[in-house]
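Lettered A, B and C in written order, each chain numbered from 1.
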């Protein structure tokens, strides 16, 4: 096998910002010239996550609102009590959603649904520079 | 390496229906004749997810009930306000649970626990035809 | 390609115990002598999950507290009604968080963030012996 590697550098404003990574992943895939295999997408850091969704403003707003309801920015967190952290919620959300997905490649194309994009969700409460690692296996 | 590919076509009734994919994945694995490697299971679409669970009616009922409590079918969603969508909740649930898992293969067998099955969860609010991509890497 | 395999045997006390797997994964990676590739981490069983987080006591406490609030140990579960199960919540939490992640390897190193560890979360309500499968693909 070969592993082909690419990295995406993403600036985010944090606070639940959701960034569409699909074109970036496709670009790494094209460079790799892989026809059949697997793409792994992984974000380094404990306050961001990778998943898929329809990248649409209303979907983005709903995902953000639900996560704020389930794991609020302001609540009684041990991290806040102990270390005065203002982004405690971000670590909890990131660990539930998870840092990685794998997407199949068939005939040189990502096996996504028509309305399905690969996204980075940055839960931190401040702007961040994120590195997303793209590995193409074949 | 080789990548061996199979696709499962699954009819679901939506509304949180959970389908056991384990036999389908095993069938692709047998065809691949891979002894040691990895199986990736991925569902295309933004209203379904792939995970593992004990595929038992009571577990299925509990997972459905908890997700309905946390992310209700009927709530105040931007997608509903803006686009009259009735399946807004489905996109939120799918993005939290996630579209893909990877399962190890050792000595030609899936590395699942005894009471652990690979499942598709279809959150959409209507019947759907789903395609699940199985990639065996070795 | 080659697939290199390792297994970690982990004793946990259950009840949401979170175990740092990073050193164990690194040890399998070193043995594999892989420079560029992918590591898959998977836990067998339907009451445990694998994800990443900052492995810090306050983060661990917050993740445990949020999951207890969202999916309480004691609630009205069908598994309890039907089968007298005391760990119904554990299956629900595990299916939401998920059993597997993939972590990139570049220049022989895991592509984790500085404050990001690979963790096992054991949701069961009693001590368990867990087997975590580590597959290194390259």
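One rule holds in what follows: a residue touches a chain if its C-beta (ideal position, glycine included) is under 8 Å from a C-beta of that chain, and two chains touch if they have at least 3 such contacts.
These figures come from a predicted structure and were not determined experimentally.
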Q. If you list every residue number at the chain B and chain C contact, are more than half found on both copies (same) or fewer than half (different)?
A. different
Q.
What rotation angle takes the CA atoms of chain A onto those of chain B? Round to the nearest 5 degrees.
A. 120
Q: Could you give the separation in Å between the centres of chain B and chain C, each centre being the mean of its C-alpha atoms?
A: 19
Q: Hunt down the residues of chain C that sit against at least two other chains at once, touch-wise.
A: 1-2, 70, 96, 98, 102, 137
Q.
So in the complex, the part of chain B that touches chain C is made up of which residues?
A. 1-2, 36-38, 51-54, 56-59, 61-63, 65-67, 70, 96-98, 101-104, 106, 111-113, 115-116, 119, 137-138
**Q.** chain B-touching residues of chain C, taken from the complex the two chains share
**A.** 1-3, 5, 40, 42, 44-46, 70-71, 77-79, 81-83, 85, 88, 91-92, 94-96, 98-100, 102, 133, 135, 137
